[in-house]
Each structure stands twice: as structure tokens, then as C-alpha cells.
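The two complexes that follow have chain A in common; it is paired with chain B in the first and with chain C in the second.
Right, the complex of A and B next:
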């Protein structure tokens, strides 16, 4: 009977459902399956706001501590209680053995997770994965490799090109073996498109900059953003517009010098580009500044949200930010220096009141924590493998 | 002086509707005549749609708790009536009514497909009993 409704109505009804329900619906009848697998429906479902979740990637002790630890992916509700929403069974690492021991969550967009095997060694192995429908696409080897171009540093970003309806992975590569005229512009880029299934070189970024290490990027306003080093040792934010495929420079707040650990992010409401910068002063006391860019690309509009007061004895505790919550709070890890901590402290910081609440993550070491929304993306991609 | 519209059901019953209520329907709004026949919709269903429009025309504030409760009761009908109401509301293009009805169908499907204690995502092979339950919903 549902197929007797106009398409708009059946899409409307089904787009209100969470993924767990839709998966069950696909097995009920051929018409239902074809509605749910339809690319148009997948986008309709995506446009509707579903529950805000958080993807936690961590290492946890098994039920009995003597059984050692296991790597875990879990979805949590973005609520004060941080309730567990769903465990995720991840099987791709049985097909692709990461040389670094595990993948890293490099980026998330529209329910797709971009995984990278680049923690220490550059395996040049990337996966685009939808954990809720258990589908994944393994990316082919990129163009700029050690074999072809010599030693390098790289950093990737992941986002959605609304003009071509395509998900893209962009890779920045700073080459070390360069002849003189290229030394000014050592950074090149390439882009992978999910639609074509292949990498394409973009050549030189065109702006003098360097990548020193892999840092989280931010996808905002149709652009992927990275903090990069300018060749003259100041920093700026490099923005790549997925539609026009052009690079642009966004200046950091006036009068600041970013510490080595600086990264971009997006505020919880999705409205502003944000900047986390943490640094030590001359007494080795750690500080964390959170900035928000009130008007995109206007340097004067950078507004400091908070300077987090030094934490722990003698300010020795390092605050490491993970992400913003929908409420505007920020998840931070507080890690004591110099010795191995079995249990980190994960807290939720209110930048307005500076109040921090502990978040119980049950004896786990948190690798990453990111905002997540369920989707059906990849269900209509033929060569996506089940995992 | 507000106009009065006449809505005729497929079984030839006529409902008189005041302008404020009638104009909740985009179809009626863009019609040149004040007499509209609604094909494929019987009097029993059309009467309910008119009742919804009357209720919503008289209450300015749709966020009011009382109207929310009234709406919740209104959509708590059996699925055959529900599906027919959707067809009518869709033909008459009454957006808010369509939203409430489709939300209700969505909630019914959720109830039949979401298990209370379920901590992993299902795979694409559904259990027999869920299949049966969904079929009973008219899939």
C-alpha cells in the first residue's frame, strides 16, 4: 500500500525513520528496497535532521581486564548523560590490515567516515566507510608516493561537493626533494572523487606553505580547511573550495602565533569556523585558546571564546580538544604529561562558564570523538563492499 | 464578509467550509471556483479533513498544548483511515496535516521495526516476524 502513495509521500514517511528501521524495511518488499536504495531518497533522508550523535573511537579493556584491550567504535547520544546509542562492528580491518595497527578517523561528512592508515608510517591507505549500513569503499593508491616523489609529509581532508553531488578526499603533500625553483612552493595536492573512484593531481597548491604533520581538518561552507605553516614560519589557514577546486589563504587572529598544536574545527551549531590553539608559556604551563570566526574570511572577526585556565598541579595538564557538541560545549581530554595514563579524563567544557563536567567513557583510551549523523550514503554505490 | 466554500466528496456529500479553514488547502487557494470536488475521497474521510481545518482555523497558536493534544488524538486512527487521510490531505495540499499524518505513519513503522534493547545495527536480512508485522501495515 505504501507504493500506492505518490513518491513524495512515501519518501516523506521513510525519511523520518532512523537507519535501524530503514535497514529492516529493505528486506520487506522489492518496492520498499528500491525506494530506500534510490539516490534521491538517500539525499532526502540526509536533509532531514536526525538525532545528533557522537562517534567514539577508542581502546577499551575487555570485560575482564586480564583479557587485554580491544579497539572499539561506538555511537553515543549527544546528551548530558552521553548515553550509548549503538556499538559498531567493524570488519574492514580483517580485509585490510593497517600497518600502523589501527586506522585513524581522519574526517566525517554526512554519515561517512574517512579512515586513514597514517598514524606513524604513511601507508597511503584510505577507506570511506558508512558504519551504520556497513558499507565501505577502499581508495586506490594516491599519486604522490615515496616511490614516485621521494619523502614527504601529508595531510588529508574530506568533504562534499554540492555542485557535483560528490564526496571528495583532498590530500596535501609537502615534498622534500625539490629543486630550487620549487622550494618556494613545496606543497602539492590531489583529489579523490567517490563518483569517479580515482585520484587526480591538482599540481602545486600555489601558495607557499608546508605541512609538518597530520592535523585534523575542518569541512565548512563547502571548503576544507587546514592549519598550515607558511614558509616564513608564520601560520595560516589554507582553504580549498571543493566546487571551484581553488586554494585560498585565511589569516589567523591578529597578533597570535599558533602553537605547534593548532587545529581548525566547526562550532556545534555548524555556523562558524573555529580554531583551537594550545601552547605552553615560558614556565611550561599549558593554555588552550578557542577562537571563532564570526564572519567567514574576515580576519578582524576572529573572536576569542575562551582561554582555558591552566589545569592540574602547576598547570602541567595538557588539554586536548576533540570537537564541539551541538550545545556549544567542547569535549576535551585532560592528559597528565610525561607518564603513561591508563585512564584519561574526558570532560565537557562550557566555554561561557568555564565549567567542566567529567564524561564517563568506561575505562577507555579515547582516540577520537566527533560529531556524527546517520545516513544511507554508499547504499547506492555499486562497488561498496559490505563490512 | 468571508466566503463559504463547498467541498464535494466522491459519494456526493457536500461540506460547507468557511474561508479561513478552506484556505489552509493550497489546492483550494489556487482554485478559481468556490465549489471543489475531491475525487476518490469519501464523505467519512473528507469530513475528518474539514474537521481538522476548522479546528486549525479557529486556533491561531498551533504550538498551544491543547491543540497538540487534539492533533495527537486526531491521528490516532487505524491505518486504513490514516492512509486515506493522507491521500485526501495530499490532494488538497494541506502541508501541516500531511506532516502530522506522515509522522504518525513513521512512528508506527518505528514501533514495529525498532527493538527496545538493541545495541548494534541490523544487517540487511530481516527477521521473519518483523517482515510479517510490516506486511500487516500494508507494505
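Right, the complex of A and C next:
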């Protein structure tokens, strides 16, 4: 009976169901399987705005402290209590052994997590993983490698191309062995498409710039954004439009000088591109500025939300931002410098009131914290493996 | 308030409040095409369904007043839960199906929202077998095919929330 309903109705009913239930429903009948695995339905389900969660990637002590530590992925509710939603088992060694000891969460989009094995050594190993349905795809080796192009620096971005309904990984590569005119334009790019399962070179980025370390990107407005270093020691934000596959320069706030750790982000409501930057005052004290771009691509519209001075009794703790919360607050890590602390403090900052609240993450060292929503994406990808 | 007359498939006539009638895209289209004094024929709607729809709509108006929720915001959780609490237990699965078809035919968005929510709530924690009964679908998997899905997604088939 349900499969004889008009599509709008069966989609409406099914899109309200939790994912575990939908997976069970795929074994109810073949017509139901085909409704649920349909990419149109997967997007309908995604659009229904289920609970906003947070993906925490951390290192924690095992149940008994004598047993050492373990790498953990957990989902939390994005509420004041930061309640644990569920713990995720990711059997990564079924797929590949990361040469850097662990993967890095490089980006998240529509419930897909892009993992990269590039913390120190460039393994050129990437995985697209959906922790909710426990499926993953290993990417093939990219085109720009040490063997083919010599030494390089690289950085990846991950996003969704709405025109072709395809998830893409974009890799920026700054080649170090170029000479003459080529050396002025050292950055090239390539794009991986989930739909085709392969990398394709985009050639030169076309704007003189350099990537110099693994840099968090931001996917916003159909574009992937990175802070890049312009050849003449300035910085700008490089934006890649996934639809037109073109690069463009977005200028940083007037009068700022970005620092090494500057990074782009997106506000919690998804409405604005944001920028975290540090600057030093004349006493060499570092301040964290959080900027928001009120009108996309309009340099004059950069608005400073807050300037955060160093924290701690001696003013020596530099805050490191993780991400915005749906409420507009910002997750920050406060960690003592020059001293390896096993436990750092995670706080939630309200940029308006400037109030900071501690977030209890149970004595774990937080690698990354990003907003996340559950989805069925990858359910319709035949070569996705269970993990 | 003006009343609009409708006649259901089994010949019964109902007088609907104008504001209820206008929530139905189908009735509204008929009203625009013909005079408001004519009786509108609804050959796809049974009288028991019409009774239910009027009951539903009265409840919706009551909840609107209680929660102060405007029409377009009716996707709010409390609203859906209150509606469910009132009507769920007396509605059989078959009746729910019929009403879903009818409300869709009549184009009454707010009621469709509530009925889809009811249907989803009934499905949520059911086992595969129960879902088959609820949805009225044929079991068209071979045992091997079904076992393959269960093995591939074993985590989805276990859990304390699944009713027997």
C-alpha cells in the first residue's frame, strides 16, 4: 500500500523516520528499498533538518587508566549539556592503516566525513565516510604526487555540487620545484568526484598563491574556501565554485594582517562566512579576532564579532577555535603553550556576552569538533564498504 | 460565516464552515470555477471520512488557539504530538490509509502533515515483519537476499527500542 502512495506522500512519511528504521525498511520489500535508496529521497530526508549534532574526534583514556588511551569518535547533541548522542565504532584498520597514526577529520558535509591521512607525512590517502550508516569509500590515489611532481604542500576541501548532485573533494597542491614564470603560479588543483570515483586535474589555480600547511577549509554558498598565502606575503581567501569549477579571490578584512593559523569557518546558522585570525599587539601578546562576512564577497562587509585576549591567570593561554554552534556560540580549546598538557579545556564562548562556559569532554584530548547531521548519503553508492 | 455545501460519494451532504472549505485546495478550485451557492460534489470522499476531517479540523483550530501557532508553522512538535494524542488510538491502520489518500486528494496541507506524522510514529520502532503488515506490502525477498541486508546492516536490526 505505501508504495502505491504518490511519491510526495511516501517520501513525506519515510523522511520522518530515524535512519535505523529506514535501513530496516529496506528489507521490508523491494519497492521500498528502491524508494529509500533513491538519491532524490536521500536529499528529501536530509532536508528535513533532523537534530543538529556535533562530531567529536578525540583521544581518551580507556575504561581502566592502566590500559592506555584510545582514539574515539563520538556524536554529541548541540545543547547546553553537550549530552552524548552515541559513540561510533570506526574500524579503520579494516580499510587502511594511517601512516600518521590516525586520520584527520578534514571536512564534513551532509553527514559525510572526509578523512585525510596527512597530519605530518603526506600519505595521499583519503576516505569519505558516513558514520550513521557505517559505510565508507576509499579514494584512489590523487594525480599530483611526489613521484610525478616532486615536493609539494597540499590541502583538501570537501563540499556538495548542487548542480550535479555530487560530492567533491578538491585538492590544492603548491609545487615546490617550479622554475621561471611557473614559479609565480605554483598552485595547482585537482578534484575528486564521488559520482565518477576518480580524480581530474584542474590545472593551475590561476591566481598566484601558496598553501603552506594543512589548513581547515569552509564549505559555504556552493564554494570551498581556504586561507592562502599570496606570493607577496599577503593573505587572501581562495574560493572554489564547485559548479563552475572556477577559482576566485575574496579579500580579507581591511587593515588586518592574517597570521599563520588563520582559518575560515561558517557561522552556526549557516548564513555567513567567518574568519578566525590572530594578531600580535606591540607587546607581542596574541589576540584572537572573529570576523563575519555580512555580504558574501564584499570586503567592506567584514564585521568583527569579538576580540579575545589570551586567557588564563598569566594570560598565556591562546584560544584555538574549533567551530560555531547552532546557537552562535563558538567552541574553543584553551591549551597551555610550550607544555604538553594531557587534558585541555574545551569552552563554549558567547561572542555577544563574551561569557565562556566549560564543556565537559571527560578528560579527552580533542582533535576536532564539527557540526554534524545524520544522513543516508552513500546508501546508494554500490562500492561503499561497511566499516 | 458562510457555509459551503458538499456532497460525498455516498450521497450525504455536509455544510462546511467557509474557512475549513478554503483550506482544501480542491474545494477552493471548485469554488473559483463555480458559484458558491452550488453544492460541490466530492465523489472520492466517503461520508465517514468527511466526518473525521471535520473533527480533525476543529481540533487543529483549537490547538491553534491554545499554542498560538499560525497555520504555516504547524510543523511544530507540540502541535503534532497533541494531534496524535487525540486521534491516534481510535484510528485503525486501514482508516489512516484512506484518510491519507482523501486528505491528499482534497489538498488540505495541515492535515496531511499531521497524518504523515501519525503514520511515521506508527512505523518508528517496528520490526521488519510488523512494517510489512503496516504498509501492506508483499514479502518479495528471498531468504538469502534478506539475510544479506541483515548482515550488511546488522547494527540496524538490534536495539532496545525495537518492539517485538
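Assume the second predicted complex is superposed on the first by the 375 of 387 C-alpha atoms of A that agree within 3 Å, B and C clash if a C-alpha of one lies under 4 Å from a C-alpha of the other, contacts with A are read in each partner's own complex, and residues count from 1 in each chain.
One rule holds in what follows: a residue touches a chain if its C-beta (ideal position, glycine included) is under 8 Å from a C-beta of that chain, and two chains touch if they have at least 3 such contacts.
Just so it is clear, the structure is predicted and the values come from calculations on it, not from any experiment.
Peer 1: Put the two structures on top of each other at chain A: do chain B and chain C fit, or clash?
Peer 2: With chain A as the common anchor, chain B and chain C collide in the superposed model.
Peer 1: Classify the contacts of A:68 with the two partner chains as first (chain B alone), second (chain C alone), both, or neither.
Peer 2: Touch partners of A:68: none, neither chain B nor chain C.
Peer 1: Does chain B (first) or chain C (second) touch A:20, or do both, or does neither?
Peer 2: In the superposed model, A:20 contacts both chain B and chain C.
Peer 1: Touching A:203 in the superposition: chain B (first), chain C (second), both, neither?
Peer 2: Touch partners of A:203: none, neither chain B nor chain C.
Peer 1: Have a look at where A:28 lands relative to chain B and chain C in the superposition and call it first, second, both or neither.
Peer 2: Both chain B and chain C are touched by A:28.
Peer 1: Is A:9 contacted by the first partner chain B, the second partner chain C, both or neither?
Peer 2: Both partners, chain B and chain C.
Peer 1: Pick one for A:84: touches chain B only (first), chain C only (second), both, or neither.
Peer 2: first
Peer 1: In the superposed arrangement, does A:134 touch chain B (first), chain C (second), both or neither?
Peer 2: both
Peer 1: Which chain A residues come up in both lists, the one for chain B and the one for chain C?
Peer 2: 1-2, 5-6, 8-9, 12-14, 16-21, 23-29, 32, 133-134
Peer 1: How about chain A: which of its residues touch chain B in the complex?
Peer 2: 1-2, 5-6, 8-9, 12-14, 16-21, 23-29, 32, 84, 86-89, 131-134
Peer 1: With touch defined as at the start, can you tell me which chain C residues reach chain A in the complex?
Peer 2: Touching chain A from chain C are residues 97, 100-101, 104, 112, 116-117, 119-120, 123-128, 131-132, 135-141, 146, 149-150, 152-153, 155-157, 159, 162.
Peer 1: Spell out the residues on chain A that touch chain C in their complex, using ranges where they run on.
Peer 2: Residues 1-3, 5-6, 8-9, 12-14, 16-21, 23-32, 133-134, 386 of chain A touch chain C in their complex.
Peer 1: Enumerate the contact residues on chain B facing chain A in the complex.
Peer 2: Chain B residues touching chain A: 83, 86-87, 90, 98, 102-103, 105-106, 109-110, 113-114, 118-126, 130-131, 134-135, 138-139.
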